[in-house]
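Below are structures written as structure tokens.
The two complexes that follow have chain A in common; it is paired with chain B in the first and with chain C in the second.
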Partner chain A sequence: MSTGAPPETARPEAAGRPAAARRRARRPGGRPLLYTSYAQDMALLDTRAKKIWFYGIVLAALLASQVLVDDMLSLLAMAYVVAIGAIGLNIVTGYAGQVSLGHAFFLAIGAYTGAAISGDPDGRVLGLGVTSILVWLPAAGLAAALAGVIVAPLATRLRGLYLAIVTLGLVFLGEHIFKEWDQLTGGPGVGRPAAVVELFGLRLDRPGPLGSKEQQLYLLMLVLLVVFAVAARNLARSRIGRGFAAIRDRDIAAEVIGVPLTRYKLLAFAISSFYAGCAGALLYTVTGFFDPGSFNLLMSVQFIAMVLIGGVATISGSIAGALFITLLPRLTRELPALVPVISADTTQTPNVFQVETVLYGLLIVLFLVFEPRGLFGVWIRVRNYWKSWPFSY
Partner chain B sequence: MKALLESLIRGLGNGSVYALLALGFVIVYKATRVISFAQPSFMIGGAVAVSYLAEVTGFYLAMVLAALLVAAVALGIERVAIRPMVGRPVFVVAIITLGIDVVVRVVVNGFIGLDVRQVGDPWGLSLVEIGGLAVQQRWLAMLAAAALLVGLLFAFFRYTRYGLAMRAAALDQETALAQGVSVGTVFALSWAFAGGLAAIAGTFVGTGQGVDQLTWIIALKALPAIIVGGLDSLGGAVAGGLIVGVVESLVQSYQSDLAPWLGQNFAIVTPYVVMLLVLLVRPYGLFGTREVERV
Partner chain C sequence: MSTAIRTTTTTIVTRVRDRAAATPDGVAMREKELGIWREVTWAEYWEQVTLVAAALLALGVEPGDRVAVHMENRREWLYCDLGTVAVRGITVGLYPTNPAPEVAYLLGHSGAKVLVAEDQEQVDKALAVADECPALERVVYVEPRGVRGRYSDPRLMAWPDFLALGAEHARAHPEAVAERMAAARPDDPMTLIYTSGTTGPPKGAILTVANIEYAVERLVLGGGFTSPPPSERDLSLSYLPLCHVAERAFTVWYNAAAGVQVNFAESIDTVQANLREVQPTILFGVPRIWEKVLASVEIRVGSATPAKRALTRFWLRVADRIGDALVRNHGNHTPLTRLVYAVGWVMCYRALRERLGMRRVRYAASGAAPIAPDVLKFFMGIGVPMHELYGMTENTAIATGNRPGRVVLGTVGEPHPGVEVRLDEATGEILTRHPGNFAGYWRDPRATADVLDEDGWLHTGDVGEWVETPPRRPGEEPMRHLKITDRMKDIIITAGGKNVAPSEIENALKASPYIKEAVVVGDRRPYLTALIGIEQDTVGEWARRRGLPYTTYRDLSEKPEVRELVQGVVTAVNARFARVEQIKRFAFLPKELDHEDGELTATQKVRRGAIANLFEDLVEGMYRT
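== the complex of A and B ==
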């Protein structure tokens, strides 16, 4: 991408210029890859195509809230929240290269913090009654980030698969704690109400000025996803993001060139857990209720699947992967109509749930074997094909 | 005292099953540097195969056949999904095994159905009196089987041609290749061993209470065992398995009296607690070799 960019040192006056002047450094028409300033080279949307796609997709997603049926909207809202969690996992696993199978644990911490802060103080389960999302969402994120910071010292001592197994142990320990602590979680099989979504005195989980309950939640999740995704993208191109990449590629080499290993691994876990915590707190606001049994190994594996199917170390890939995995059950539910062998009844033997689980597994294997860059890689291939069309090289 | 000894024997019995599973993990790890998360599916697959075969051939023959069957399946999976990934990052291969596990388990669950399947073992829950202790026969059977298999395995690695090849490949793949060892065969053998061991372990897990769709979780307790013992140590795997089994059994016996605040069924998660404690002290397990770090 940066082929046409002159090195910054060649134009020392560019750095000192005010922002308004820098913005005027336009690239000549018909030369989309020629950068004439450092700011252009580092821009998040560095080509016109990216700009068009980004604003186009956001606009389409906004319009979708008016077009789609409520049922579909709540599914998409869920997918957006899951995407926030997937971005979180991608930060620690994709960018910083620390394999974590414990993502479900951090989601659980966020979910229970959010639900406890906003819960009914007189209810059956613990609740503080502070319903403003501006309070409980950051609190949920911070609580999970704190847990991440506590876990991180292990990560600085362990590498690779040792770390994967330890984080897997974390999921089991968390599951036990949440099942036993029924004052907070309601206990297994019973569950508790999720966080109450209230913004500036407006309850978003009831029909309001922005439309039905589903439309409001959809819009909220969309806005939050954009905020979180842009923030993550911004992080990835910063000094910290480059530090993460260096650690992923070779941690000792990174230390040698001056990346403080301990602090950066800690930071990676903290940020990733923050994302997970926020996603956890939001995840069940759509359905309204959740059970301590849901934060199990399968959830962690699903998040890993999203990151791998979407594309390791890409934000757009995380979102694509999250949408894909969340919408997959909806697609498989249509299967019995098409393939009569597959039954919609859970007691029959090839049933939709089995097909769905097999698909998770198979997709992980197939993507890793044939397209390691995931959906993002597929997109790159398609893009390059049309870019060089009609030449195939 | 009597209760303590009984609890210890139960722990050793369960621990020897964990040890068999852990050996499978370690054998694959030593050959390919990958932790195979597919072990739970092989374990449950073996148990289910026995539950079907035992009606026809009797329990013991069924166990051998199931071990061979699962070993063959593992061999096939290695060839199709793992071999093409040689040279790719270990994390990627580990995640592939996770995917394989999910797929195989769904298929096996189809054979289990919604009920508990009995493996048709001759022991059931019946007890035997040894020196005043009431001990379940199956714990003793597990211990005996594990001792026999571990002995055979160590003899295999020590005295046979292929055992030597596997040790050589574990030490240094390229040098082994240069000496004429077929590393591909070593990979295949290691997966077959892991599958067979897991199948036998699964059969023993199924003795007494049978297998259902949730039994696979037991296989994951071998992960703390290998971490405690050290990822690349066969002896460590056995020791780790036994340690995890004994600690779990003791906690199961005494935790409800001594520390009720830990909650019911705390024993299920004790392997992970043990693992965390050991890792805080020794990041490479009790018997594992410390990784030499080079840029």
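== the complex of A and C ==
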């Protein structure tokens, strides 16, 4: 990728063609590779196939709210929120190449900010009583982004393994603070209610005009995921996105070609933390209650797993990875029925929970060895096989 | 149509002017610039043409003055060509590959007053010989890189300055260009097209306004080639040198007369990539291009994964059968082949054609040199309607063409309506007579007299014969196609006194993906031999798959395994010819033939004389026992 669109008047004779710039770009039909303007070249849905697939999948997801059972819907709603968080991690780790193990910390900040703003003022724990999602969701994101900005200077000094260790430290710091700050978090083992979802005076966590609680939350999360995903995809193709990629590939080279390192690393952490904060605030609205012990190292590792299994530096990969990791437990629960050796009882060995843990580890290893580009890489491989038909390249 | 001063003579310039008035926002051409196909509308095109015309007036170009254009295919080529015609000048095209001595000859012989050179490379060639060309007053350069601020020759002028000069002149004399255009007459010489000259120096054929208008009427508007005739919805890719009459016809004339959208390829090396992007509807190619596409299919199928390879090979065999059926039916499908093709279209041909950039081609043509029928059959089989044409500079490319649905493979088609074509009774030479016959060679009345006789017949120098095809249904006229045996002067007479047409044998050899060049030798010799140049891409790929290491072109062609491979091809070709026409021995050319070294003409045709001299020892070696 280059660092920016070349100026329109790169050639002298361009000055002699004034009408060209004003006219809307067009192209003859059925020629997807014939770009007559940079806008076409950069379009997100640049082929008809992509358009059909994108709108088709969104439509299918919308229809799913009417078809699937509530139990499944709440699981999917959860997966969509997790996907927002995974996109956030992919921005800083996948696109900008800054390995962060501290993602759980930023999720926690978002979760508690959202919960505190919308919480009951007369309740057991801290609450301001502003229940509108339009207020607490951006606030949660911004609070996390602020934390990201504070952490970012570390990233400008450290890279690779050192940065990973430092961000790991954040998780431990956070875990300690949230365990001790009973007034905000309710304390370990007790927890506190999650943020209250209210949109234009409508409580979405109660049955309403759009259906049951699960259906409403599912639709909300779906809409938010689409918004966040499109925004991230747009960011990735912009100047900032190309700057991130340059830093990932070689930070010194990026600086030489004019990417301001400090500012871009700061931006990467801020945007990533914003996504994490929003995801954190939404994450527990489905279950309604959460415990400070949830934001531990395991959570960070799960997000890393989503990015790696889904596909580094891809938005659709992040979503696929998040869906995969979130739905994996549901799949392993079905195992005892198929494989009698595995037990559903925790007291026996092997049981489904052990299988699940082993599977996480195994999947990360297998993906890194055989398909480093993740699920997205598998898709690319399949697509290229058919795209290059009847040749191989 | 609605301009202040009406011109009485229609030229390609008035056609562009009228189109710009009728559809100012339609797309006239596209050129790839920094990764984007920039569009030029008809209004912009016309504006640029008038600016160039005014600038030429400002430089004092009088009617009949020559303006030389030395560029790759690009927008400015067309601006200069039409601008020159607008001021009743004569356009002289130079091949971008012309080395400096040839540039000197062409500039000197044509006496060009203004030269528009593309870049530093062409400017250098011109300046090196400028002192031998006293008539040359101005050298306009289009690409400033390396020229501006470094060269101080007073004759140099940058393209923007050139246009500014035109704009200034147009302000001072707003009607000057229109007045000059109005004075145009049908017998005005419009362009000099220098023939490639396989023997001797190039000769400049003069084509007049009337010649080209006749060509436009016959070939473009009359649908001489395509059916239905070309329109604004058609796209073409311009990649062959514009100084050649065929590319000029398919690019400039098709564009001006029918509004075909011209897309300029980035260079000859990117043609395959550009084809994929543009997916033209009308595609003209020389045999070398079609042979190369065929070879690339061979390479890419060979290196595909086993499943794809097996499937594609299967469908290519089916395509071969479909091709056979099409050939039998003069390019028409039978219900059975149509059905088989439909299945193959889903499985292979659609994707294959998309990859080759020929998915939307509705009319493909080969011309300018003889081609092996097998190559044409391949394209017909995969669904690219392929037609062989015949014509030459001296008759404004109007002679014969295979019409859609009336194809006879191995022939160059039927004469266009209203065009007289006959064979000389004694020699079998093809003669044509029609208003497109050229006005003569520039400053060479003797050469003109050699080819244009007093009855107006043009002696083409090609030997041909008629191929009669019985009517398919009773009541229809039998079809009469022209088959070209060879160039008259290329006919080989062996020591045994037998006449042999080498091009047929050469093309049969070149139809193999492994052979790029084949030159048959044997004039006044006991038997025929051939100099063969391998196609490095395919043979290299073949060697790689066999684990055969090689370094250079020469090293590769000297491998005994490669000799065996080519021997196989030669033996297969020999089986199709009579004993006297068989190649007894062959030798490999030690290098790839090149225009710069004088082995090829600018149109990539082999200069037999030069080859015979350069590789004399190789030839002699084949006749030593």
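The rule we apply is simple: the second predicted complex is superposed on the first by the 358 of 393 C-alpha atoms of A that agree within 3 Å, B and C clash if a C-alpha of one lies under 4 Å from a C-alpha of the other, contacts with A are read in each partner's own complex, and residues count from 1 in each chain.
We adopt the following convention: contacts are C-beta pairs under 8 Å (C-beta built on N, C-alpha and C of every residue); 3 or more make two chains touch, one makes a residue touch a chain.
No experiment lies behind these values; they were computed from the predicted model shown.
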item	value
Contacts of A:L173 with chain B and chain C, given as first, second, both or neither	first
Which of chain B and chain C A:I257 touches, first, second, both or neither	neither
Partner touching more residues of chain A, whether chain B or chain C	B
Chain B versus chain C as contact partner of A:V67, first or second or both or neither	neither
First, second, both or neither for A:R159, with chain B first and chain C second	first
A:A337 touches, of chain B and chain C: first, second, both or neither?	neither
Sites on chain B touched by chain A in the complex	34-35, 81, 84-85, 88, 90-92, 94-96, 98-103, 106-107, 109-110, 113-114, 220, 223-224, 226-227, 231, 262-266, 268-269, 271-273, 275-276, 279-280, 283-284, 291, 293-295
Partner chain B, residues of chain A touching it in the complex	99, 154, 157-162, 164-166, 168-170, 172-173, 175-177, 179-181, 250, 252-253, 256, 297, 301, 304-305, 308, 347, 349-350, 354, 357-358, 360-365, 368-369, 372
Chain A to chain C touching residues, read off their complex	6, 10-13, 15-17, 19-20, 23, 27-28, 30-31, 33-38, 41, 388-393
Touching residues on chain C, where the partner in the complex is chain A	25, 30, 33-41, 43-44, 47-48, 51, 76, 144, 158-160, 163, 235, 261, 276-279, 300-301, 303-305, 308, 311-312, 315, 348, 351-352, 355, 359-360
